[in-house]
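Two complexes follow with chain A in common, the first pairing it with chain B and the second with chain C.
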Partner chain A sequence: MCAKKQPAVGLSIDPAARKEKAISVLRDAFEQKLKEATQQGYDLPEGALVVDEIPADAAFKKTVEIAKTLYDQIMESGRFALDVPSRSSSNIIYDENNDLLLLGDKMNRKWFHSLTSVEDMTQLIKILEIVNQLLEKRIHATKREVFYNDVNLFKEQVNSDNCIEDLSTVLNTIRNSTNIVASAMGKAVGRLRIRDQRDIIDLEAMGSGGWAITPFLDNVEIIESDAEFVLVIEKDAAAMRLSEAKWWKDYPCIIISGRGAADIATRMFLKKINKVLNIPTFCLVDSDPYGHYIYSIYLRGSKKLSYESPFLATPNIHLLGVLTRDLDSYNVPKECRIPMNKTDITRCQQMLAESFVQKNTRWVADLELMMKIKEKAEIQSLSAHGFEYLTEEYLPSKIATADWI
Partner chain B sequence: MCAKKQPAVGLSIDPAARKEKAISVLRDAFEQKLKEATQQGYDLPEGALVVDEIPADAAFKKTVEIAKTLYDQIMESGRFALDVPSRSSSNIIYDENNDLLLLGDKMNRKWFHSLTSVEDMTQLIKILEIVNQLLEKRIHATKREVFYNDVNLFKEQVNSDNCIEDLSTVLNTIRNSTNIVASAMGKAVGRLRIRDQRDIIDLEAMGSGGWAITPFLDNVEIIESDAEFVLVIEKDAAAMRLSEAKWWKDYPCIIISGRGAADIATRMFLKKINKVLNIPTFCLVDSDPYGHYIYSIYLRGSKKLSYESPFLATPNIHLLGVLTRDLDSYNVPKECRIPMNKTDITRCQQMLAESFVQKNTRWVADLELMMKIKEKAEIQSLSAHGFEYLTEEYLPSKIATADWI
Partner chain C sequence: MKVFRLSNGQIVQIIDKEKIQNWDPETPVLFVNFILDKKLETYGGSKDQAEIRAYLNEILEDIAIPKLTNALKSPDQNARLAIAKSLVDISKKKPDMVKGVLGFLQDAEKVEKAAEVKANITQVLKNYDKALKRKQYEAKRKKMRELDERLKTGKISADEYVKERKEFLILGVETGAEED
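Presenting the complex of A and B:
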């Protein structure tokens, strides 16, 4: 076991020298970029809906204003309408400058008059009432709880979910600002101290566990960090390996374990770190189209939540691995590679057709190589070279040779 | 919204008085039981394989001893054999006294001579080698990593997984003692301080997040706690509600969020708390056969890992809710209840057929009621009475009326 095959990339064998090299490569590569980056805000294109992350008291005031407008309309004409930004795909625009998916400014006017519209509007107004009360009480609820809160009215969860998205766009805010949140799967460890209400949490002192990321991120504040970079990992098994090695002690970093799909809270937390610390950010995923897709969610958001993109996306995150070209460069044995199936191939083609992929030639090259060799591999396949290969060879070598997308 | 329907169970409306009542009910109900409990060890029946949780150095020594025995056999006769406890269902016994599923003492002698047995044995010996090295280096690996470590030999993960279980039983130990672990999904918060290597972790100071439970539990030590009870919750959404309310401040407890299926690390952590603190332990699950099944996993282990039962089961855990009878007692609206489907009904029948269910008349009664009304409901359905109903009415009332199974 653990017979370490020579890594293809020739680097110093001395771990300390390699570490120094890696840190200096990182600093050189990002010094200029990070200075130029305007992390604090985006310059959104014309025609894009400008949404904002707003504090609870401002969101609360907005709900009251909307209710007041509706009331005035009813008093005046006996009927009322509400302009709701369209969330149909024709109203989703790709902002090339910022590499973001955004919602356009197309509006649908919803009337309270016909039999169907009465039901729609009653549901939407109920959500307005619920959000108003959540914000007033300063408590949060999940979408499922909101549905159960008036199951007679909503009938199916898809209806209450839709109204929640609609109300967020009406309020020009992100869903988290409505205090309706989703369960968070991610965990974080490493060189970071945060404040969550009155608790100061040191993410270096979590043992071999981690801090389970809260969905109530409005209360969370980044206090301090001496990390040189952030590493987001798709698979918890790989994150466990880094946790056990306390890898951040050697390579000063913050490690976020996404545990599969990139959920909203995990993305918001990453975004928050990125905004405050402004340090290089990397993603480590399986070498397959789904891994690249997960990376893309961190990078520029999902279509479903396009209007929230500026608050969920981390546009300067880089794909560190496992790249298709790594399979040969790091001698991943043929037997550890899995032939791509039809779904993989379709997914890969879809990725290649995305404009945000096409503008990155290095990314296109790697996906084209994937289409050519039609092989995928998991992060864990690196353990063919021994269980410590990931932390002692692969990651140090990737960083020291600036080998990312 | 949040119009609180009167709970069926008449209790003081004053929250402080209700809390005092709940704590005193708890203390009265468990005082005698906990004194009698022999948490430190089980008296296993004859014919049960006695496995042990052993420290890394002892496990390491055992691997060396086995290798030595094999070597001696080869030197003597040129061939060798290993006695492996049978893990077939005919060798699984139910220990009524301890309410546990256990492995019997039936053995299979595996020879290294025929074409198929050579492959089997080579795989098993490879696992022996891997475990030996993991223990020597004091590192852990996942089953998936072990598979990838020699994919040529194992061919499919089911083979390496089987060898891992086999070797654990040969070593008379639990899988965690082989340093091959599974990813942990659970998180914990509340009145507990633990030590994990050199870190002291205060589970009351995790903000609204939590401590992500580590699978490397051999390093974790329970330091202190002033909790009166432990509450294990199936659904993270419900755990979030309790986290946000910092419910453990009012009701002194430790909250474990299992996030669905009860994984090994979460069960071991619960067991560890139970063993050291010896306080009442409750489970809160959805009101459906799967919820009852999850509770049963915490209670007495799973058939698949029967030989590890004494180290994974918490035989004094009680099912607090959501019981079938709660649906009426707590006025869960008809619209929030879901008709049971065929799978639910089969599962419920299977639960009723289990001997460990049958010996608990209160449990049988609740499952029979479920079979009668054929309705299920999620924990979140309680939010029909308002988002704070769970923390302010349901749980306090359940405890104060000693209404558990």
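Presenting the complex of A and C:
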């Protein structure tokens, strides 16, 4: 248990004035974002793979077209092959303008009549068959279910997972458009109303647990909101604190709990909100290299799913906290800070080496400070000043002073 | 989204009405009814609310009502049955949500020839009615506690009390609720 200490001097101003200031900052950010959204289209850089979110019937047609092409090849020559976009790191492009990681247009030709690729190809064709059936029946399956569909063929789930990613790139679509979904961990609560097929769901009326983000996001539509920002929180415990306090009533927002690493459905849901509502989006993570890494996944996508980045990444998400400099600014007691270990230091160095980090001077400064003091702290360490410190002091101060990266 | 900037600075965004065209027939009315019932009063002042109400009425008149009434009159019995069943589901879980479609259902019930569709429509009306009576019963129960006190202190006559008590008991029987 950390000793309770006084928060930083000068931060405890009149709460009503601070709230007014915070809301004013958010509204300016909203107007700016709305202006940018109406001015900008999204152009992929040259050489990037064009991937689209497509409806089930269009995806179904594509699977049939591929099957027909393969059939024609067999009838013509008895040998068939499929061009699969390479997902190796050498084929990943960093789109500097849009701050995204994308897949390039390098292809690997996979032959059925080749000892090196026959197994891969057989697994890939099986996935094609499964996706075709799912799309025809208009049902979804999880990656795990797909693996169990033919355990003898796939041997390990990593093989079926890889084939699912390969097929998505062959179809030039995102994985969700193949009706194969990953189980979702995230939760959302706050000032948002959505439609899930025939159901209208009010995210303010879901109890303190919030709405469990569905992996079937193609069924979900944003229909109404009076939120003025989104707050994505790494830790469920911190999200529960905000949820219990019904923080969104005071600060009109939507709270998303990623519950650790950002899963695909959570990122896709965040992207959907960001795209539709154009409201400022912030991230609250632990003050450690892994927290910064999680923020980076929300920001510009993961290398593994680089071809889906435009549909998963939220390039205008800001890192609100807990920044390294906050540890001193908000007087996080020394006993609540943890010395960084070797893994932390390596990860921090890796983060600093990333080109998307280097172009953000404020981010570099915070990571360099982390390397200097070699200390990390969890979001919960703020509760050393009291359980309500996060909701009543820290977050309002951070927003009111626009103190984010 | 249609963005409303309210006089108090608040921002409200509501889906563009064109997007509602693709929804299932009963959902647009339920949505409009939900916003009118649960959210509108929290949005700014009366002028702001009037502006939002006008947009919701536009959705109702241009899309929601024609969509629902056309579907309820559809020659496709399966389509009518799907709507009725969906509304039965909603009326069980969130009876308030179906308030906006009651009038259309009452009209449809009169002319519906297919027994299964008619039975489902009747069920929606019954579920709503039961929920409404349950609400009235809860309110009456609260009132009865006050009346008990007033009777004890002689602030109410026995006749007046008996009249209220009788209404309370009838509501209890109609809703299947037990008296505490």
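Heads up, the rule we're going with is that the second predicted complex is superposed on the first by the 382 of 405 C-alpha atoms of A that agree within 3 Å, B and C clash if a C-alpha of one lies under 4 Å from a C-alpha of the other, contacts with A are read in each partner's own complex, and residues count from 1 in each chain.
Here, contacts are C-beta pairs under 8 Å (C-beta built on N, C-alpha and C of every residue); 3 or more make two chains touch, one makes a residue touch a chain.
Please read these numbers as outputs of a predicted model, since none were measured by experiment.
Engineer: Scan A:L277 for contacts with chain B and chain C and give back first, second, both or neither.
Structural biologist: Only chain C; A:L277 stays clear of chain B.
Engineer: In the superposed arrangement, does A:E224 touch chain B (first), chain C (second), both or neither?
Structural biologist: In the superposition, A:E224 contacts chain C only.
Engineer: In the overlay, answer first, second, both or neither for which of chain B and chain C A:I23 touches.
Structural biologist: second
Engineer: Going by the contact rule stated at the top, is it chain B or chain C that touches a larger number of residues on chain A?
Structural biologist: Between chain B and chain C, the winner on chain A residue contacts is B.
Engineer: For A:S383, using the defined touch cut-off, is the partner it touches chain B, chain C, both, or neither? Pick first, second, both or neither.
Structural biologist: first
Engineer: Of the two partner chains, chain B (first) and chain C (second), which one does A:Q197 touch, if any: first, second, both, or neither?
Structural biologist: After superposition on chain A, A:Q197 lies in contact with both partners, chain B and chain C.
Engineer: Have a look at where A:E335 lands relative to chain B and chain C in the superposition and call it first, second, both or neither.
Structural biologist: Only chain B; A:E335 stays clear of chain C.
Engineer: Determine, under the contact definition given at the top, whether A:G47 touches first (chain B), second (chain C), both, or neither.
Structural biologist: Neither partner.
Engineer: Which residues form the common part of the chain A surface touched by chain B and by chain C?
Structural biologist: 195, 197, 200
Engineer: Any idea which chain B residues touch chain A in the complex?
Structural biologist: It is residues 1-2, 126, 129-130, 133-134, 137, 139-142, 144-146, 148-152, 181, 183-185, 187, 194-197, 199-201, 205-216, 219-220, 236-237, 240-241, 243-245, 259, 333, 335-336, 378, 380-384, 386-388 of chain B that touch chain A.
Engineer: Provide the residue numbers of chain C that touch chain A in the complex, in ascending order.
Structural biologist: 1, 3, 9-15, 19, 23-24, 26-27, 30-31, 34-35, 38-39, 42-43, 86, 89-90, 97
Engineer: Which residues of chain A touch chain C in their complex?
Structural biologist: Residue list for chain A touching chain C: 23-24, 27, 30, 34, 193, 195, 197-198, 200, 202, 221-226, 228, 252, 276-277, 279.
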